[in-house]
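Look for subunit A in each of the two complexes below; its partner is subunit B in the first and subunit C in the second.
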Partner chain A sequence: MLLIDGVIYGLQLSLLALGFTLIFGLGGVLNLAHGQLAVIGGISAAVLIGQGVTPPLASLLGILVAGVFGLLVERSLLLPTYRYKGEARVLFGLLLTLGLALVIDGYVKYRFPFEALALRVPIPAITVFSITIRTSGIIAALVASLALLSLLLFLRGTTLGKAIRCIIQNEVGAELCGIDLTKIRIIIFVLGALMAGLVGITFGLFASLRPHMGFELTIFAFVVTIVGGVRSINGTIAAGILLGVVHAFSSFYIGAYLTFIIFLATAALTIVVRPSGLLGYWT
Partner chain B sequence: MIRVEGIEVSYGEIPVLKGVSIEVNEGEVVAVIGSNGAGKSTLLKSIAGLLKPKKGRIFYQGIQVGKLPAHKVVRSGMVYIPAERELFPQMTVQENLELGAYTSGIAKAKRETLKFVFALFPRLAERKRQLAGTMSGGEQQMLAIGRGLMSRPKVLLLDEPSTGLAPILVAEMYRQLHRLKEEGSTILLAEQQIPAALSLAHRAYVLENGLIRLQGRANDLLEEPEVKRAYLGVA
Partner chain C sequence: MIRGTSWPNYIALLIVGTVLALFPFSIWGSAYYLRLATIMLAYMSYVMAFNIIFGHTGQLFLCTGALAASSAYLSVVMTRELGVPPWVTIPLGVLCAGVIGALFSYVSVRRGLGVIFVGMVTLVFTFVFYNLILGLRGLTHGEDGLVTRSLGLGIFENRWSSYYIFLVILLLSLLFYHFLMRSRIGLAFRALRDDELTAELAGIDVTRYKVLAAFIGSVLLGIVGSLYGYYNGFINPDVFSFVRVDVVVLVMLLFGGMATLLGPILGGAVFTAVHEVVRPLGALSLLVYGVLLVVLFLTFREGLVMALRKVAKLHIP
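Here is the complex of A and B:
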């Protein structure tokens, strides 16, 4: 039961962290506003539902809002960071996205303090082999798995996906193949934002997504990325599921307030034991 | 085909090229020779769009390309093959080659080019499922050249293909380059292995401290006392 809850939660973390790690791998920007993108998606959907839009349509629109917002951020706020290279770009990107995160957080909390996305499905729970699982949780897991799977197929099987992976492995080499880095950076940031928006929605399925949750989600994405190995796609997915399970067990047995510390401790331990992440540097 | 007019390039404050002009005609193999740090790579990287000259102009087929980004230069038909190879280590040989053909949209043409590259370097065909990062230096160099050829370039900018290779592999590499030359490829080659480069090239430039010191037909340069003394170790 706890295990299933953990896996459901972990799949969302994987999805969130995958966008985070792809954006970092490609653009060299650690997007500290990543969790806020999920909040934008989720809260937009909640507001729309409050206006009388049907939940499925509102969810779709919420994801789109997150994507469009991502596009605007990439094309405006992040442009100056690409003028720098290496460490300077990472630091500059950190500052800018931290500022952005604070602005989004402040605005959403001020404007929609009591808004929360909680999507309920008609059949509350099903029982399989005498285990009762919430239907909404299953839907959340299915949606996230489907998104992860299509993303993996896209990255492994299509020319554009391979171009994305090769940039992560060698930027200069990619340019010499005639790949336009700027264009692909935009694609990846928007894709990352869309995935974050999706997580904002699926979160509403098994928990409720509230305006203040942005930073928590960002930190979770960050920790999953570290545990999975920065820039590693398979590792990130595995780490998300693992940490989701850790999260479920520690919340249940130890308490939610310590879960954060256990999370960070897991990350620290990974850095000590396996500096390149769970599965190493495989993109 | 390529005309470089008095380009000046610096890394930060340090000038590397101090007004270099060269020319490459269609079907010609031109070598730029010189010692380490003379500016050979810088010259090729500038033509490839990886570095921006502070002064001077670069023409390719009559069009100024000095300000184009590198990926557009590739689309225009010039491919730079770096001494550092810049491969994708966690992808297979085949995937590396396919990405080399990123700019060409036609699947059939891609397959034919792949066949051509495999014929040129049978070693790559044998290893097509191997990850590029696990190959030897010589194989990686072949892969770098093969990847460059995959876009069907009109001009190859070849930067020190002999870097880090054992002499026997250098000879092997140059045999393949001679084949490319016979097929009429236009090649601009930067090289420290002077005898190998001059035996391949039609013409050559000697680059020294960021300036063209000598130029002429490759055979004539081989006989030039200055070249012999400075680069071939002959008194």
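Here is the complex of A and C:
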């Protein structure tokens, strides 16, 4: 029961962190507003449902809103950052996205302070081998794994995916080979934003998503990315599921506050002990 | 610059000191504005400390609030639980902040972490610390906070004396900063900031100076943090939260000008005014801060002091 809950939760974390790590690996921008993108997706879906739109359609629209927002941000705010290289770009992007995160947080908290997305599926639970699982959890897990799988196939199988992995390895080299950096950066950022929006929706399936959760989600995405190894796609997914399970067990046995601290301490230790990620050598 | 004359700095310090010392009279000692001005002085000192850490040695400490809080909480909790007078516990709290700051710096320099990872590790520390305070409910009363008035530190009973105490601390830290930058240490900081590798090749002990900068800055944060805790009359995690301290300090420093003497003062003064203007907006003020951070960083990276230097063609420290 706890294990399944943990895996469901971990899949969401993986999805969130994958967008985070792709954006960082590709654009060199540590997107501190990543959790806020999920909040945008989830809250706009909640608002739409409040307007009388059916939940599936509202969810789809919510994801789209997050994607469109990502596109706007990439085209406007992040353009100047690409003019810098290396450390300067990272710092620049960090501060800009921090500003963006504050803007989104401030607006959402001001406009929709009590809005919360909680999607409830009619059938409450099913029982398999005397284990009770909520249907909504299964849907969340299915959606997340489907998204993860299609993303993996996209990165492994298609030419575009190969180009993306090329850039992650070496930006200048990729550009010399005739890969259009600008186009691919847009694609990745929008893809990351869409995935964040999707996570915002699926979070509403098994928990409820509230406006103030943006920073928390960003931190989770960051922790998973760090533990999985920055720029390592498989590592990120594995770390997400692992941490999800750890999260489920430790919040059941030792409480939520300590869990959060354990989470963060894991990340800090990983950075200090093995900067390439705990699971970095798997890939 | 180290060989140049000190006169511009002394004159600037004199002007700043005089203006700030006379300021309470211009508002006729109004309790509300005097409190605002006192908080402004505390924030200017925070910015000064952050300036030494980030402005001079490029260590992005996103835990200024948490370091200040660690000192304040240690002192207040010890005073409450053990009955030791604050005069004993404040130095302990300050030392604690300094050691934590130095430790972060040491680890990050030793592991060769880039600016981004220092930022993230310290940000993580901020959240861990915040949760620790909430979790240790028995000692800290969680979000309800602790009342620090009548804990035996009698100096903040009068609003005038409180203002001048913070003013003295700010001026002393400015003076200290001035002499620090003129010493060999300041020279090393400057070399570090220009190019770390070159500095190391020239025989500068990078680890030592970075840790030293972090220690000095954190100690200053600790002093201001614990005194602010007593002045404020009550502390809770919100008083030192990321949004209320770190973000504000970062914006003030960026606006005023990094690695300058007057940057923290100008940035602090301007943003206290801005804060008063946007405060009625409530939750929207966060949005305003976000927009300011973005706009400032996109268009005004050098800060007010640099801009004034260019426009007025004066040597402004």
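Simple rule for what comes next: the second predicted complex is superposed on the first by the 272 of 283 C-alpha atoms of A that agree within 3 Å, B and C clash if a C-alpha of one lies under 4 Å from a C-alpha of the other, contacts with A are read in each partner's own complex, and residues count from 1 in each chain.
Note that a residue touches a chain if its C-beta (ideal position, glycine included) is under 8 Å from a C-beta of that chain, and two chains touch if they have at least 3 such contacts.
Keep in mind it's a predicted model, so treat the numbers as computed, not measured.
Applying the stated contact rule after C-alpha superposition, one finds that A:96 touches subunit C and leaves subunit B untouched. In the superposition on chain A, A:109 makes contact with subunit C only, not with subunit B. After overlaying the two complexes on the shared chain, residue contacts for A:175 are found with subunit B alone; subunit C is out of touch.
A count of residues in subunit A touched by subunit B and by subunit C gives the higher number to C. Note for the complex: subunit C touches subunit A at residues 60, 107, 111, 113-117, 119-121, 123-125, 127-128, 131-132, 134-135, 243, 247, 250, 254, 281-294, 297-298.
Contacts from subunit B toward subunit A in the complex involve residues 48, 50, 69-71, 74-75, 79-82, 84-91, 95, 98-100, 102-103, 147-148, 151. For subunit A in complex with subunit B, the residues that touch the partner chain are 159, 162-163, 165-166, 169-170, 172-181, 281-283. The part of subunit A that touches subunit C in the complex is made up of residues 30, 77, 80, 87, 90-92, 94-96, 98-107, 109-110, 113, 219, 222-223, 226, 257-258, 260-261, 264-265, 267-268, 271-272, 275.
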